[in-house]
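In what comes next, subunit A is part of two complexes: it sits with subunit B in the first one and with subunit C in the second one.
After this line comes the complex of A and B, so read on.
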């Protein structure tokens, strides 16, 4: 650790020099922070940043597939095709028969992803919140339930896929319990539900855990006050519990949503590849990549990427999911927002003041 | 105020203190009890089915009796039949998960300390990048990495397919954000006064970090290590892509490709036994450290 950085750690304002630091926010700790952060950021640059850029590059190239007219051979290498990898989804659809009729394979997987995400996350949230409410009221056996709830979380998804595969087997226990002869794993709309059930089983307890943590932060006197005012159980739930648990719940639901959108292992291990009723974009792009069609594979993975970014954006903007959860950052953003509003009200140009706030307290 | 001067007698006080136990009370209690039973059944029943199915005779893989009859352990040696290469796969899983966890911890502790404690420019952006990485679709990264590791780029003439580094390096893409995020949450919970006190006593910031913060954060670091380890251990897509030869399968990939030692029919008994073998160590670990893991999961809130 360098000497210069060492003198200015931990919230002490640096000795006032004649030339004021340009950025008061950094408080002189920037150097040390840079040292500490850069290894991580470098790794992220190499394993995330560069691959994304390469993905963008791949998505506008394509392997030669047609023979060169002069030689009659298929040339090695790739050619630049612009956005053709994307537009071919509509121009030259690769029609398959899935749950949504005879449509292009990517659109089919896109609809599958949307369907799975909406249904799974909705069911998981309801079951998870119910679990949290029950656990919050439990007197005895709390530890036991908490242990049980971690079992689905700890099981590898692929093991869970095979486990549910056996349960949903045509001669399996699910059909025995239901007294039916349903071919759950045979690429039909039942297989969609098999995937949904297996996914819900694994992840609803996780939402339950996060919601429980949110529930435990609600002080009990709020409920007492509501009872004194004559609120019944339902009113307490809707007016107190839900609003107060919302920040924790929204973040949990956001993470679950994004995780479901990139689902891969579960349909792969349970139903198999090339099954159009359950094929997700991740699976389709993976198969394309395995065929060494990097261009289309990258294009499809970018479609998923854009979809995920869009959904995350909607969550953060509309539902106010505070994923970062850093008070300082939040305070700065809010201060900037207020300054902007103030500037607008006074009809002058926005001038964002540098801030020196430290821990969530506003000083303007 | 004593009982003698009070207007209520001791008997009346006792009656008032006694909780009301009318029908509502018992209804609520029964409801909670039923709910708890439901949660436990919900979580355990499918797992129970896996264990039971692994204890049947290998020829009775699809049997649906709720208790194995007769109980047989034959599936377990069958898991380690050389044709599955499962022993090697377990070793691979341990190597990959351990090294990924160690690397992420090494980098993650430094970054998380800075994010939790220091004030610097672009902090919001750094946090957003890290959380963004954990929301990423893995497939977007996988395609260029696959092309890179197969030597398809002329500027990178390497063939890393079926090597440990090809399994470990891509795993950092989700392991590192997960680790940094959890650790940041833990470091934030430690009071900053501790370091300030240490520095007043003459520690350099480095010493304050090493001698005060790290020992106190040890439980958090340990929990993060377990959570990261489990995440890498359970990872499938990367392991499936970069380990294409049987001797480089990880345990989950091996399970997905099981053919088993008995016959042509799907060897359900063997698969379930392998599933139990992969899961039980995790479950035991999770049960031992359940308090900490729950704290870690809820603090990090990522996976």
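After this line comes the complex of A and C, so read on.
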């Protein structure tokens, strides 16, 4: 095992310490730690692990739905169908008319999810950051403005769906303001925009809130120094505010992305079911479930699950979203990077660090 | 080293997933049902406390009704289980009990369109005809409670569509309520030029169950059928397409206001009460609300009701309402049987009409002079229900109705022609009814 760093330092201590540690990352409290977190892990196993396994199992089965022609009774039970629930979008496409032309219903909802996620999150980020900048300012009535901005976030989604439904009604406020007769609540591209507007209204404050938290950690002397150097407001925003608020902002955007991808109640409550311009994968899976087709419902949910995992992975890898916020892990990664760079420069292989000074390893 | 460990972990995970799948595969065998739901072997003399499940009792009639039953049957108490006010949720709750073979809901109030599905899955107890006579009940309502020639529930309440018209405007123009689509159009042509901002007609055209009811009425009233008596789809017939074409043309010509494509029952009722439409197709509940003289309705005392119009004569309404059935897994089926008979009796049906505005299932009550005095629409409604046609009786009704809504809505929005829409629907229905 790795002996590099550890033995050099361990050499200072008397050689009585024959009990070599198996894992350098461990500080000898692994068993205790495992014991302490086991209740949590057990709960996670029951509420997350087992349901996922059961959905996997369900997704390769299909319940009998065809009645017996002589008795009219449906046989009980289900049959193993392999990956048919997944491959049926190619073998037996269920074509629907949505925003993307006449295509399979699952692909249509997949495209809707992607469209909503990109558009909504982009708009929400811009508005959210603007809100955070306003909320961070010190001015009279700051408390009132903060509360007002946060109100939409506090309203349950189904309530805001119904409320925006009234606004977008054919005789509603939106048409009165625009002076037009737009049928938002039918099934067309206006319906998509109705969903986007309502979603942005509700969740931009969330990004605003998390960004505000990030803004408040930026020390004011950085700005002072920038002003002394003659930076204007835009330069301060781009060079100081954005980079320093980025960790908070990336996490906020990640949460919003994952949340938007599983959007359900807003289009359901406002536009209704069976509207292919706004149908998301969650809605489609729910409808399948309601029709007692648990197999396809599980399969579609898994498709969404895989999609969300993929996006989360990309976020964490590419944008470096630091969701866990573990200083130690980050420090180790940094140190490894430095070591690698050094090794490369010296053109040799090296043992990579498995610990840093903060882990308590060196005090033993 | 770490690599090896990760690989081992992944292998272990894969193996455990596989194990779950395999055990699951072994445990799920397909056994034919029928034993539980078949008529034989049921003890109709078993008595004791039971439960009754239905949607939320918004009209507040059930407390009184159940008190009467419970006072008279101290050893056979009935407990009310109120489910969600949303129909989908009620259905889901009942299906859960059915799949778990639970008799928690001894007696259930089942929407007419779910009855076939519940019966086919063996969740409803078949009712032997010698023990459960249906004399005097509306034939269409009894039909809606039957599946494969067997009775699975008693009709509990019925419902049919009515045409609400502005009697003040028709009288002024010297017109009678229309019985055909052409007469309705002619009446509009005569009345509307003097009424600014008023449209001719509306029903419910939002994409939901109400759209299925409306398009079924148009198709049936034009002489077509969604599904023929022998269970084959027939929506690509010229008559069926003519029904849909009437609706599509109505939107094109402005006979139906453009925004009606987003209307459900309440929006269309509001439009009629605000004097925005001359004719409204809706359910009987509108009558009392539109008659209110507290200022909420601008048409109080200025409207009348008639059966809905059709292509060449009176139209065919869609049958609504609920059936009351007994769970196949319930205990005390003797009490349950007595209870549903009691609910279907004239005295209780009268209570439901008077306190809950629910249309009775007994034919004689529609001719009752006293009740007609109390409910001005009753004899018209009786006529409507007598001619009414049930929605397609399909085990996979949920799929059938969404296919119908898809085709209809696409035609109404102009994405497809009526002929194309119904040709596509025909293919889908053939697949669903296989």
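Methods note: the second predicted complex is superposed on the first by the 278 of 364 C-alpha atoms of A that agree within 3 Å, B and C clash if a C-alpha of one lies under 4 Å from a C-alpha of the other, contacts with A are read in each partner's own complex, and residues count from 1 in each chain.
We take it that contacts are C-beta pairs under 8 Å (C-beta built on N, C-alpha and C of every residue); 3 or more make two chains touch, one makes a residue touch a chain.
Small disclaimer: the values here were computed from a predicted structure and weren't measured.
In the superposition on chain A, contact is made by A:150 with subunit B only, not with subunit C. Residue contacts after overlaying the shared chain place A:99 against neither subunit B nor subunit C.
In the superposition on chain A, contact of A:48 is made with subunit B only, not with subunit C. With both structures placed on the common chain, the touch criterion links A:205 to subunit B but leaves subunit C unconnected. In the superposition on chain A, contact is made by A:169 with both subunit B and subunit C.
Contact with subunit B, but none with subunit C, is seen for A:297 once the two complexes are overlaid on the shared chain.
Shared-chain residue A:61: touches subunit C; no touch with subunit B. After superposition on the shared chain, subunit A has more residues touched by B, the comparison being subunit B against subunit C. When the two complexes are laid over each other on chain A, subunit A has residues 1, 54, 169, 171 in contact with both subunit B and subunit C. Here subunit A touches subunit B in the complex through residues 1, 5-6, 9-11, 23, 25-27, 29-30, 32-37, 39-41, 43-44, 47-48, 50-52, 54-55, 58, 127, 130-131, 134-135, 137-139, 141, 143-164, 166-167, 169, 171-173, 176, 201, 204-206, 208-210, 212-213, 248, 251-252, 255, 258-259, 261-262, 264-265, 268-269, 281-282, 285-286, 289, 294, 297-298, 301-302, 304-305, 308, 312, 323-326, 328-329, 332-333, 358, going by the rule given at the top.
Contacts from subunit B toward subunit A in the complex involve residues 28, 32, 35-36, 38-40, 42-44, 46-47, 49-50, 53, 61-62, 64, 107-108, 110-111, 113-115, 117-121, 123-124, 126-131, 133, 135-148, 152, 169-170, 172-173, 176-177, 180, 185, 192, 195-196, 199, 204-206, 208, 230, 233-234, 236-237, 241, 251-253, 255-256, 268, 271-272, 275, 278-279, 282-283, 286-287, 290, 293-294, 297-298, 301-303.
Here subunit A touches subunit C in the complex through residues 1, 53-54, 56-57, 60-61, 64-68, 71-80, 96-97, 169-171, 181, 183-188, 272-275, 287, 290-292, going by the rule given at the top. Contact residues of subunit C toward subunit A in the complex are 1, 16-17, 20-21, 24-25, 28-34, 37, 88, 91-92, 95, 119-122, 147-148, 206-208, 258-259, 261-262, 267, 395-396, 398-399, 402, 405-406, 409-410, 413, 415-416, 434.
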